[in-house]
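Same chain, two partners: chain A is paired with chain B first, then with chain C.
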Partner chain A sequence: MNYVLLAPEILLTVLALIVIFIGLLVSDRSKNMLGYISAAGLVASLVYVLGTKGEGSFFYNALVIDPLSQFFKLIFIVVSLLAVIASIKYFENNRNQDEYYALILLATVGMMVVASANDLVSLFVGFELASMSTYVLAGFEKKNPASLEAALKYFIIGSLSSALMLFGMSLVYGVTGSTNITAIIEFFKANPAVSGLDVIAMVFLVAGFGFKMALVPFHMWAPDTYEGSPSVVSALLAAGSKKMGFVAAFRVLVLALVALRADLWVTFGILAVITMTYGNIVAISQRSIKRMLAYSSIAQAGYIALAFVVTTQMSIAGGILLALGHALMKGGAFIAVAVVGYMVLSDNKNAKNIDDIENFAGLGKRAPITAFALFVFFLALAGIPPSAGFIGKFVLFYSITIEAVRQASTWFLIVVIIAILNSALSIYYYARVIRYMYVLPPAGEKIKEPAPYVIAIVLAVIGTIGIGLYPQPFIEMAMNAANVVLGV
Partner chain B sequence: MAALISLMILISLIGAIITFLTRTREQARAVALLASGISFVISLILFLRFDSSIPTIQFAESYPWIVSLGISLKFGVDGIGMPLVLLSNIVIPLTVIFAWGETKQANQFYGLILLELVGVLGVFTSLDFFVFYIFWEIVLIPMYFLISIWGGPRKDYSAIKFFIYTHVASLVMLLAIFSLYFNAWQISGTPNFDMFYLLKNYSVIESSMLKDAIFLALLFGFLVKMPAVPFHTWLPDAHVEAPTAGSVILAALLLKMGGYGLFRVILPLLPFSGSPGELVIVMAIIGVVSILYGTFLALAQRDLKKMVAYSSISHMGYVTLGAAAIVPLSISGAMYQQFSHGLITCVLFMSCGVIQHSAGTRIIGDLGGIAKYMPKLTFLMLAGFLASLGLPGMSGFIAEFLVLVNSYFTLPNFVILALFGIVFTAGYHLWAMQRAVFGTYNEKLGHIHDGANYEMFSMAVIILFVIYFGLNPNPVLTMMTTNSEQLYTVLKGVVIP
Partner chain C sequence: MTLYLYLIISAIIFTIGAYGIITQRSGIKILMCIELMLTAANLNLVAFSSFNGNAAGQVFALFSIAIAAAEAGIGFAILVALFRVRDTINLDNINILRW
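Up next, the complex of A and B:
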């Protein structure tokens, strides 16, 4: 066993402990440096994840390192890094910064464990580590009732989903006699006869993962939580921790369903279509931009879930690519909203509804970098080329179209047409914000955009456009990851 | 001297970025004019060095981009693309000159105009379907902003309608591109987005239903852009609310993307589609209905600009009709109509802009007798209107003459119907001139002044082009005919029922 492959996780865990320890020793003012330390740690582990080639399995095959895990670790670390950089300003001079950064780092480790988990127990442990940390992060603005409501709602629904997931896992264990995913798949391959119990187990797993992915009808927590949480935490939740559900579903469900020969594509097709349509339609009527982004992220989850409908290498690669694109676009967009919040609060300390669309009027003049970045993120989310969002949707929609052609299936064609109409529909609410930013007159003076925010946003913009202009390596990585999903 | 096309696109793109960064409007417009001027010079070099006697792609360039999906940056022009590249480069610098007095957010205004140039040049020169699609989409964004920032009272509604309507059409087109791509991939085992390669492999598809579905999806994507009745409803809204420069670019260049798609994609596929004869009839019906319906709506308009917008729909109907007739000269007539309408419509929209600016209204009934105070405008506007109604000696006459005469061989009934349109076309043009420009002066307008010199200059230059290409169509028409004859060698097997 080559433990070097686990270095990123180890590094971040140790760093989290160090951050707490430093926090005990230094004065409140010097805690501002903890953000820089955390960011440096995340950069180091990012470099490590990108740099290491090689696969391995650890702890009796409970954790594996393979292209799938590395791709999602890349997503998780990038999102945490963006959130941490932005937090340097957002939580500047907050005396609880040590806990905050330690929790973000631990949440990241939890997500990375989920990405690597090859055993239902390690999967669950990873989920819980990430969830527990993010419950606290969502309620980190202790004096803000919305933040507390967000945290409580997130906590209760999150616990429910963990219970469902755990129940599904216990049923799987009861049927197969093992918690190891590889062994479970082997068992299903050897005993494809569906007993009824394993279908129920799958349904519970779908529900449990569905909550994490915020698929309709398991989405109710997402808008309230994303709206109430501090914007930088919303970025982490929407762009990062949500993808845990996807990687778990890729690893467990796809293979299990293939092995069981259970044709659940109708279920996933309906879930995906309802999710994207619901998300887009409800997003249209939102005045709170964070809430709009929350619904748009539900819609994006619907697109990604299309990957489960046809489960070909291409469709899964498309889903994974869109997950990466969504992480950058949505993470960046929430951080940009944080800049607007900063701007509004510097106008008026007691401002309410700081993410109301009215506050975006004339943003193109007041905060040009932020406005331009939001413009890029919105167009990318709508799937306009050349952007990461376009590449992801392109591969995904393409994969379903070819399945429709190959199997001469009208249903697949209908699904992809609905997806296309949805992405056209989404332009409406994105364009509305763009109009506020560039067409309407500004409500105040030009502000100086704080450097940490600008760095985080610009990194996200570079990522979004960079993947759109040079997608080749990312497509290859996603294809390799998709091979893992399909057990090729 | 390789890489001229990518150099041209790159210069426009860099020009656009620099324009966005300039601080004063003087700098912005100077940079915009310089960049589009250089681009014009390059296109002129391309045009003069172009060999009209061969139908193949010239000045081809190719750079690998996304290797695993078989996507590369391929550029090149033939007789279909070259005239439109030239047209784009004529229209954009003159639009910049026409809008020389723009004061509102000037750097963004001129920058967006240059971005439009980047988009249309990309569409007319890309030979990779993926890259083609990207440019096709990029064109939408600057136009959305041009309408929604500098537009009229209902600009929000119009801008978003324009964006969503045409975006849906592009996405439907994208589905068809997917199917072509997948089909070719299945046959050869290697992914490749090369446009000609994908089109060539269309004939191998077995299911004739699938063939028709792909064909209709592509046709829909292009017809919405043109726009052809019944997919035209976004156009009048967009035109009425857009600023003059936006309308000019929209009518002169963006509509031509749809027509370009007909010649580049639709016609080569036609003989191999499941039921070519019926599809020809569908296209012919759409063409004739566009001509007639556009004409009658134009006749009924009270807003001068809306009238010009409907006249665009009617004129683009000739493109569809000429393409559907599949006679070599009707196809080159249709191509020539694209080029000619691109020039003429600029003058019409510019006239509307000048009148709106000077008199404060475009409602025909509220104008009247403005020739008295606007002699220069009247002269140029009259020239534009006469060109638009098809006066011999102007480029529009050649185009429509070619289309109608040659379409008669294969689609006689449709041509007879279209001929009725001509009468009414002359009617609404002259009637509008008579009511709005001539006659007794409407004293309620108060004191009005003639157009500014830069406005008159760009209109005059376009009129000169219109007359030049009306008297001497050969430089452009020869290259079109070479290509349409080549298209005909593929198409001649199609039997029209």
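Up next, the complex of A and C:
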């Protein structure tokens, strides 16, 4: 066994402990350096994940390193890097910064463990590590009732979903006699007959993962949690923690679907269509931008879930690409909202409803970099080329159209048409914010945008447009990852 | 027949937990219901482990017991922080965030 392949996880875990210990020793003022240390550690793991090509399995095949896990680790590390860079300013001079950065690093490790998990035990432990760290992060502003309420709602729904998932896993273990995912797939291949218990187990697993992915009807926690949490934590939750549900679903559900040859595509088709339509329609009527972004992120989860409908190599690659694009766009957009919050609070210390759409009036004049970045993120989320959002949606919708033609299936075609109409609908509420930013008169003076925010936002913009202009390597990586998903 | 007995008991415990989460309004009771649901899954795991004759399920149950304890700790911490700010943990009063 070559433990060097696990270096990113080991590095981040050790770094989290070091950050806590440094926090015990230094004065409150010097804690500001912890953000830079965490960012440096994340950059090191990012370079390592991008640079290594090896594959391997560890701990009795409980963790595997393969193209799928590496692709999702890339997403998770990039998202928490953006969140950490923005937090350097957001939590500046906060005396609990040491705990904050340690929790972000541990949440990242948890997500990475989920990405590599090849055993139900490691999958569950990774899920819980990431979830518990983010429960605390959501309530990190402990004097702010909205933040605590967000944390409580997230905690209750999150624990409920963990319990459903664990119950489903216990049934899978009972049917197959093993907790190893490879062994479970082998078992289903050898015994293709579907029993009632298999179906019940599958329903519990779909419900458990569905809560993490925020698919309708398991989405109720997402808008409340994303609105109430500190904006940088919302970025981590919407962009990172949600993808955790997708990677687990790719690993467990798709393999199980292929092995069981069960026609579950109807279920996922209905879930995906309802999710994207509901998310987009409710987003239209929102006045809080964070809440609007939360509903738009539910809609995006609906698009990604289309990958489960046809389960071809190309559709899964499209889903994975859209997950990467969504992570950059949504993470950047939430951080841009944090800049607006900073701007409003520097006008008026006791401002309420800081993410209200009125505060975005004339943002193009008050904070030009932020406004331009939001403009890019919104167009990318709506799927306008050249952007990561366009590439993901294009590959995904194209793959379903191919499959519709190949199987001469009207239903697939209807699903694609609904998805494209939904993309068009989403332009309406993005354009509304763009109108506020560039057409309406500014409500105050121009501000100086703090450097950490600008760095995080610019990195996200470069990623979003870069993937759109030069998608080839990313498409190849996603195709390799899709091969792993399909077990080819 | 004994395996079925265990499965039925665990299904009943799980249902009681799920019912409680839907109907109860006190934060503490909801935490107790979550623990019930996790316990039902543990009972399943141990019963299957004994029935299948391999230890993997019992190992899984040990992991999940430890995790359930940590989860309860975090839940109570959030409730305490909420009680300090709002003077209540009744979920009917916790309704700032809504559309």
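As a working rule, the second predicted complex is superposed on the first by the 488 of 488 C-alpha atoms of A that agree within 3 Å, B and C clash if a C-alpha of one lies under 4 Å from a C-alpha of the other, contacts with A are read in each partner's own complex, and residues count from 1 in each chain.
Convention: a contact is a pair of C-beta atoms (placed from the backbone, for glycine too) under 8 Å apart; a residue touches a chain by one contact, two chains touch by 3 or more.
What you see is a predicted model; the values in this text were computed from it and never measured.
In the superposition on chain A, A:Ala150 contacts chain C only, with no contact to chain B. Using the contact criterion defined above for the overlaid structures, shared-chain residue A:Gly139 touches chain C, although it does not reach chain B.
In the superposition on chain A, A:Gly174 makes contact with chain C only, while chain B stays out of contact range.
Once the two complexes are laid over each other on the shared chain, residue contacts for A:Leu421 go to chain B alone; chain C is not touched. Look at A:Ser159: by the touch rule set out above, it reaches chain C but stays clear of chain B.
Annotation for chain A, partner touching more residues between chain B and chain C: C. Residue contacts after overlaying the shared chain place A:Tyr438 against chain B, while chain C stays out of touching range. Residue ranges of chain A in contact with chain C, taken from their complex: 120-121, 124-125, 128, 132, 135-136, 139, 142-146, 148-153, 155-156, 159-160, 162-164, 166-167, 169-171, 173-174, 177-179, 223-224, 227-228, 282, 285-286, 291. For chain C in complex with chain A, the touching residues are 14, 17-18, 21, 27, 30, 34, 37-38, 40-42, 44-45, 47-49, 51-52, 54, 56-57, 59-60, 63-64, 67, 70-71, 74-75, 77-79, 81-82, 84-86, 94-99. Remark: chain A residues 379, 384-386, 394, 397-398, 401-402, 405-406, 408, 416-417, 420-421, 423-425, 427-428, 431-432, 435, 438-439, 470-472, 475-476, 479 touch chain B in the complex.
The part of chain B that touches chain A in the complex is made up of residues 65-69, 133-134, 137-138, 140-141, 144-145, 148-149, 156, 159-160, 163-164, 167-168, 171-172, 174-175, 178-179, 181-183, 207, 210.
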